[in-house]
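Below are two complexes that have chain A in common, paired first with chain B and then with chain C.
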Partner chain A sequence: MFLSRIVLRDLNSIDSPASMASSKKVVTRDEWERKLRDVKIRKEDMNRLVMNFLVTEGFVDAADKFRIESGTQPEIDLATITDRMEVKRAVQSGNVQEAIEKINDLNPTILDTNPQLYFHLQQQKLIELIRVGKINEALEFAQEELAPRGEENQTFLEEIEKTVALLVFEDVKNCPYGELLDVSQRLKTASEVNAAILTSQSHEKDPKLPSLLKMLKWTQNQLDEKAAYPRINDFTTDALEDPSI
Partner chain B sequence: MPATPSGGGARPEEASPAPPASTSSASSCMGTRPEELTARLAAAGAGPAPGAVPGCGGAGAGAGGEEVEHERVRALREIKNQIIGNRTKKLLYLRLGAVPSVVAALAEPGASPAALVQAAAAAGSFACGVEDGARAVLAAGAVEHLTRLLAHTDEKVVDASARALRMIYQSRLAPKFDVNSGKNMDFVLSLLDSENENVTELAAAIISHSCESSAEQLSLCSAGVPQKLVSLFGGSMNLRDACLGSVTAVIRNNRDVASRFASMDHGKGFRSVVGLIHDRSPRTRLLACLCLIALGHASPCHFQDKQIKTKLIMVLLELIEEPGHVGDEAPLALTTLIKDSFELQKQALTTNAVEKLSNHLLANPLETRRAVTILLALSELCSKLEESRSQLMSVEVSTLLLEALKHDWADIRIAACSCLKNISRSPKVLSGGRLSCDTVIGPLVQLLNDSSTSVQVSALGAICNIAVNLTPRKSVLLHSGVVSQLVQLSKSMDAMLRLKSVWALRNIMFLLSPKDKDFIVKELTLSTLSSLICDSEHFVQEQTLALVHNLVDGYVDSANYVIGEDGMVMDAIARQLNNASAPGVCIQGMYVLANIAAGNELNKEAVMNVLLPHRADRIKPSFVVNFLQSKDKQLRVATLWCLLNLIYPKCETSSGRVIRLQNAGVILQVKSMINDPCLDCKLRVRMVLEHCVDNADDCFISGKRKSVRFRSNICPEQWNMGTIFGSGKRKKSLSHERLGGGGALMMQGRGTLVETGESEDIGRHFGSIRITEPAVELA
Partner chain C sequence: MVTNQEAEAASAAAPGAGATVDPMRLASRWRSQAEWACAAAELEAEPAPSELNTLNSSGLFSVVSTDKLSVKYLGSHHHGHDVGVVQADRPAPTRRAVYYFEMSVRNAGHKGQSSIGFTNESFKMRRQPGWESNSCGYHGDDGHLYVGQGKGQAFGPKFTSGDIIGAGINYLSQELFFTKNGAQVGSVPKEIKGPLYPTIAVHSQGEELTVNFGKEPFCFDIEGYIFEEKMRQQSVSDKLNLEPDISHWIVRSYLLHYGYQDTLNAFDMANATDPPTNRQNGHAEPPEMYGLSHRKILRQLIMSGDIDSTFKRLGEWYPQVIKDEKSVICFLLHSQRFIEYIRAEQLEDAVKYGRANLASFLTHKAFEGLLKDSVALLAYEKPAESCIGYLMDSPQCEFVADAVNAAVLSTNPTMKDPESCLYSCLERLLRQLTLCSFERRAFNNDQGDAFLLHKEVQNYERSRRS
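Moving on to the complex of A and B:
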């Protein structure tokens, strides 16, 4: 990515009407790879990026191992990560009440100051009850806990309706709002919880690696308008694809 | 889905929906119903109780203190977990009287750290977001206990107590913390020095809360609190944000403290804050902007740097794109920054603020806080700049504004009216296109009936300004039914509604045809007019008199409204003038009298009777003399005009009036004003004296006499941008007279402009002079 930015910069400086009017500049693979080799990146920076990712996403063991093997210091105390990960795990396995209690043990102000998160946790609780077929309990819970949320805050009403609608269907998995029962919903809630805890601990809730990838994509898009060059189209393989001429 | 009363429907022994709580000794059937928990907690608090707690068999009598403590911790924890985030449950437990037991647990001498932690968390949660909860927690004496617990050996107890106290101090009902007391100040300083970030955040919350008076702000400043707060900027993100907020609270509206802060440590503190407007965290950026804005308002001289102001505008415009609370509040910060500042509004315009904000507005649904704040920001951007107004009036935004006027949310309606009010300060923006006076007036009139007073006030403001711009095509307004609505509102209990409705009527009345004037007066009725002149609020009195002023402008007959019908209105005016009312009231009153005095003999006599009533007691000098001695030059000028019109044109009755005025000491007073510092006054003084001489001499220099009429005009904020409607001439209003004939004769004041007749006589200005300034006022 740094290379593409350098090329962009070079191109901008040759900005003469003539070259603009003509077709894009072409960079051959050899040239490209040569320039790539000239770009220097520090290993420490890479390590910190990796550590930042592991720690933000909560991979405690991996982070610890990485710390030992690379000597990179984690920016958060790994002990606090453990608490956070237990909460995340509880949500991901559908034990919402346990998650709530753990969050409150960690920091009782989080759910009091995050009405949306609290609502989503309760919504998840209802979903879990519906999933295991405890319909009576689900109904009672919806009346006692979700309805008041809707009264307290009108913006939740639509989601409450969707969730409660699940109770109506025999075959919940295939009903219109069936995606709520998907694991992805749990993951969504878990991610929200993770972010809230990180914020309460004064940490940035997003790892830096995705931002870098976004920048890479953007830079390539920008460069596409001015040059034909070996692009990375698959970020997982990092394969350079030759420019189509 | 209807909410059922909590606790209803479930049988106590049914397993709770939650998975079983942490395993503990006897009570596997520990209920989680609030009533039981509250009872259990109270029981545990009262010590090991012999009685069985309902619903639970095992534990109870015979169990040792440890078991009771265990019970208590469990009960507290359960209550805590039920109430956190849950307003409904908090209210329920409040009603059940759980709070005293919870707080009592904090006071318990032998309480275990576990119990203290749970109790503190529960107490803090009760105080969070629920006023009654905060009240109950305070009443139970929680603050004292929690403060004491800040010194506890167990770090978790300290954490929990600090968090709870912070919740309490952030609530609206937070108790007063007197920083003027040395002991208290030392306490706060010690908190700021703590290693524990929860404790320092608490300190920041207490400081923010204790900045009500400038004395408190000064105490905090003198104790070095701002420096400490700045030094904590290097801490964690949350701490830094809390400290930024506290610094803002300390300097807000306090010039002394603000300037001290700016120069503190050679400006280090100031530079730190400036640096933070580029911080990674959006919330920090917003708070830093708010801090600088507060600094700029409190101590403008320290904030001259144009670069910083431009940066602030840019940063805020970027922040509007942030999700959540930050993006919602950024437009408000922008509004505060540019409020009343032509320079900054211009700056914002050059950075495409109007376009950017409009795009945001169009991209998001209206029923959001963000839409409200963006509309308010757009409104402020249009408050002084014509170009902003034109830019705003794209087809899409116009359509949106019309929609917004009918929206469900009152705040959106208010914000839309505010936009319209400021847009209609422009004479031409509303003259055509999707959004014109015609399309807008209907919805606005509807809003005059709105259930919310704020909406009504807001709509009135817009109508005030639209009325100005409709001159001379006022039929649109008159046919919209607005007059009867305005008349209705002029009788409201709410003073602001009375004020604004009268204001709107005043603006409508300007330059109206006699027929239309009559229509309005008939709707309003003279008795309502009279009572409004004697309203309890002086600003209402003033607007009403301005309305009358416009009423009697232009046609001799219109004076009959004032003098006729037993002179009800005249009496009211006389009463106000005699009652040492507010200057604005007196000025308008004198304008009315001056205009009436420009009429026929009957009119002049009527005015004389007000100025110099036939009274037995001559002890009290006429208010005329007082007015002439006023420090307010507008009042002096207005009174002089009135006198001028009374003694002109020369005739027998005029001479008679001169003599009466002389006898009352008025002429003497005028003579003493020959060197009045105000040029306008000086000129009128000379004119009066010349007329007196003329009346006495029975000779006057003949010259072409022409009626010189003064008309006032709409005035946008900068009154050197004069506009003329109707006649097509355009003249800039000047701040000085041009003595001598020809051309324009100007009067000082807001937006006064003159259509000239030919006035050739050098140094002498004759003619029937009516004053109509200021006839209209922009809301």
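Moving on to the complex of A and C:
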């Protein structure tokens, strides 16, 4: 017992904050700010990052104005963004048939090469029919168009079952799968459509900026293991917070 | 071109509202492509292997060609200590994601005992890479990988005449990997400490190898491999969560900071009909709203070359910015006016203006570079095509516009942080990312790639076009 007490005491001293902190390199605020000042960043690269965000997220007008105000060239033809945004808007307002027609006008191969997207669009169509109470039409659509899809794919079948279940509940808002009727479901489908169109135009479907922000978070976390240095914790204020030693 | 010395002198020389504006710290100061190219090259400069080392190779057993890219076995393979092994002239560079080189087996000779791999500085230059500790070699006769013992482990196919074998160091996964004729063979953990020298070896009569350190295109799609590795790394950080709509907020604050009001309005309108969730979630209105419409107008005036109106408006709205005639802002505006005269080919007016307004700055060390270059434009018949032609391009106007923008922001009485006039929120985040990335790499024995915005943007465009 005497021996174990000694061992425990030793363990305590190993874990004390002082000795933990001393294994990390400490960088003072002045030193850090001096190094920050040496970082070389070009405005045109930042402009490109912003343009990439506007274009990928579909802000056509803003991208056009930015082109004029900053002289940055958009990376894709702005006209294609308008088309893509029209499709997105159609889905977001629940006009799925219109969206499907527009997609086929843009590029008939998109739906052929994206069975999952096509299924989600059809599912959305069914949801919209249920939402406005067109029960008969909904059932017909489900039986003719969706059921065959369910046969070829287990996941699709589960989704169909969830959606059809909505018909059974009178108070649809409070049924178990009520979230399918939420506007967020439309947004989800719209986002999927946006990504598929971008990909078909050989454009990356995600803007670069969020990735870089995540990279900053990750890099700071990694660096935390080795050093105590001023961090940026709040991305909106960008305040450098001094290392806590 | 303006140097750092001049920059420091500039910030010391200018009192008044524009005092916090050191134009050399603005992101748009890199308006001269040549200057940027220099700075960027400095960031990435790292010596890399270019040819075979003839000084330390075991000259008894092999001969290196005059172009130092091929080696041929001379000995007669009596035992295990007469290998014709050659290292590259320099160790593999570490400040990148992956290093890679290839060799082609010109002639497998009698027994096809050539090999490729990495060794350290103290390697015994009579042994096959992998036979000694701190070395690694992929051998053609048995297709085994040797990692420091006499016995190798089964690794891949054998190789012989006509094959192209590659060896690489993946700093992200800390592995050594090998390829044969464009296909990956396998990889092992990198356990060799210290600088790694690309190494090739021959050991039977008639064997001959030629090495490629990158001068020729590689057989293996190394760019594709690097891209995949980087994507894998990115997918790790992509799993982290961000505050909802933080990207929208940051883009918005960028537009506000520089006074791109039209873009901002279009952006806000699009978001009003299609609101990102939680946008009102307690984000304070950025301080960059200050003087937004004025700053937009000033920027437009400068970009269109109307410096006279710029002075007039500044006098009306923010007189403190141009109060001190010796300030940086005044200098930049006067030099821009001068450039505009030259652009309009009104050379006499340019000289008159220069005498009246620029001559007084000649005594200031701070402005020497830009001043000299601007005045030198007079010497050219076609100034836009000269080596200082960059002064006539819109990036120069943008630079002056950004300086004026920062000066106006600095007059905001509620401003707490002078740095916020120079750097937008986005820029500060990118600086922090760059620095953290470099520091992190330094802790990792300076291995791996680090974040550089211009490379990211470049890579993005390249991958899009492919």
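Methods note: the second predicted complex is superposed on the first by the 220 of 245 C-alpha atoms of A that agree within 3 Å, B and C clash if a C-alpha of one lies under 4 Å from a C-alpha of the other, contacts with A are read in each partner's own complex, and residues count from 1 in each chain.
As a convention for this text, contacts are C-beta pairs under 8 Å (C-beta built on N, C-alpha and C of every residue); 3 or more make two chains touch, one makes a residue touch a chain.
All values derive from a computational prediction rather than experimental measurement.
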Joint occupancy of chain A by chain B and chain C, clash or fit: clash
Examine A:Q143 and indicate which partner it touches, taking first as chain B and second as chain C; both and neither are also allowed. first
In the superposed arrangement, does A:Y118 touch chain B (first), chain C (second), both or neither? first
Just checking: does A:Q222 make contact with chain B only, chain C only, both, or neither of them? Give me first, second, both or neither. second
Looking at chain A, which partner touches more of its residues: chain C or chain B? C
With both complexes overlaid on chain A, does A:G133 touch chain B (first), chain C (second), both or neither? neither
Classify the contacts of A:P108 with the two partner chains as first (chain B alone), second (chain C alone), both, or neither. first
According to the stated criteria, A:N95 is in contact with first (chain B), second (chain C), both, or neither; which is it? first
Where does A:P176 make contact in the superposed view: on chain B (first), on chain C (second), on both, or on neither? neither
Contact-wise, after the overlay, does A:S211 reach chain B, chain C, both or neither (first, second, both, neither)? second
Could you say whether A:F53 touches chain B, chain C, both of them, or neither, answering first, second, both or neither? second
Report which listed segment of chain C has C-alpha atoms clashing with chain B; options: 9-17, 81-89, 153-161 or 261-269. 153-161
On chain A, positions contacted by chain B and by chain C: 202-204
Report the residues of chain A in contact with chain C in the complex, numbered from low to high. 27, 32, 35-37, 39-46, 48-50, 52-54, 59, 61-62, 64-66, 68-71, 75, 92, 202-204, 207-220, 222-223, 226-227, 229, 232, 235-236, 238, 240
The residues of chain C that touch chain A in their complex are 25-28, 30, 36, 39-40, 43, 234, 236-240, 242-243, 246-247, 249-251, 254-255, 258, 260-263, 265-267, 269-270, 274, 283-284, 299, 394-395, 398, 402, 424-437, 439-440, 443, 451, 453-454, 456-457, 460-461, 463-464
Chain A residues touching chain B in their complex are 95, 97-98, 100-101, 104, 107-109, 111-115, 118, 125, 129, 137, 140-148, 150-152, 160, 164, 200-204
Applying the document's contact rule, which stretches of chain B touch chain A when the two form their complex? 1-4, 6, 9-10, 17-19, 77, 80-81, 84-88, 121, 124-125, 128-129, 160, 163, 166-167, 236-239, 280-281
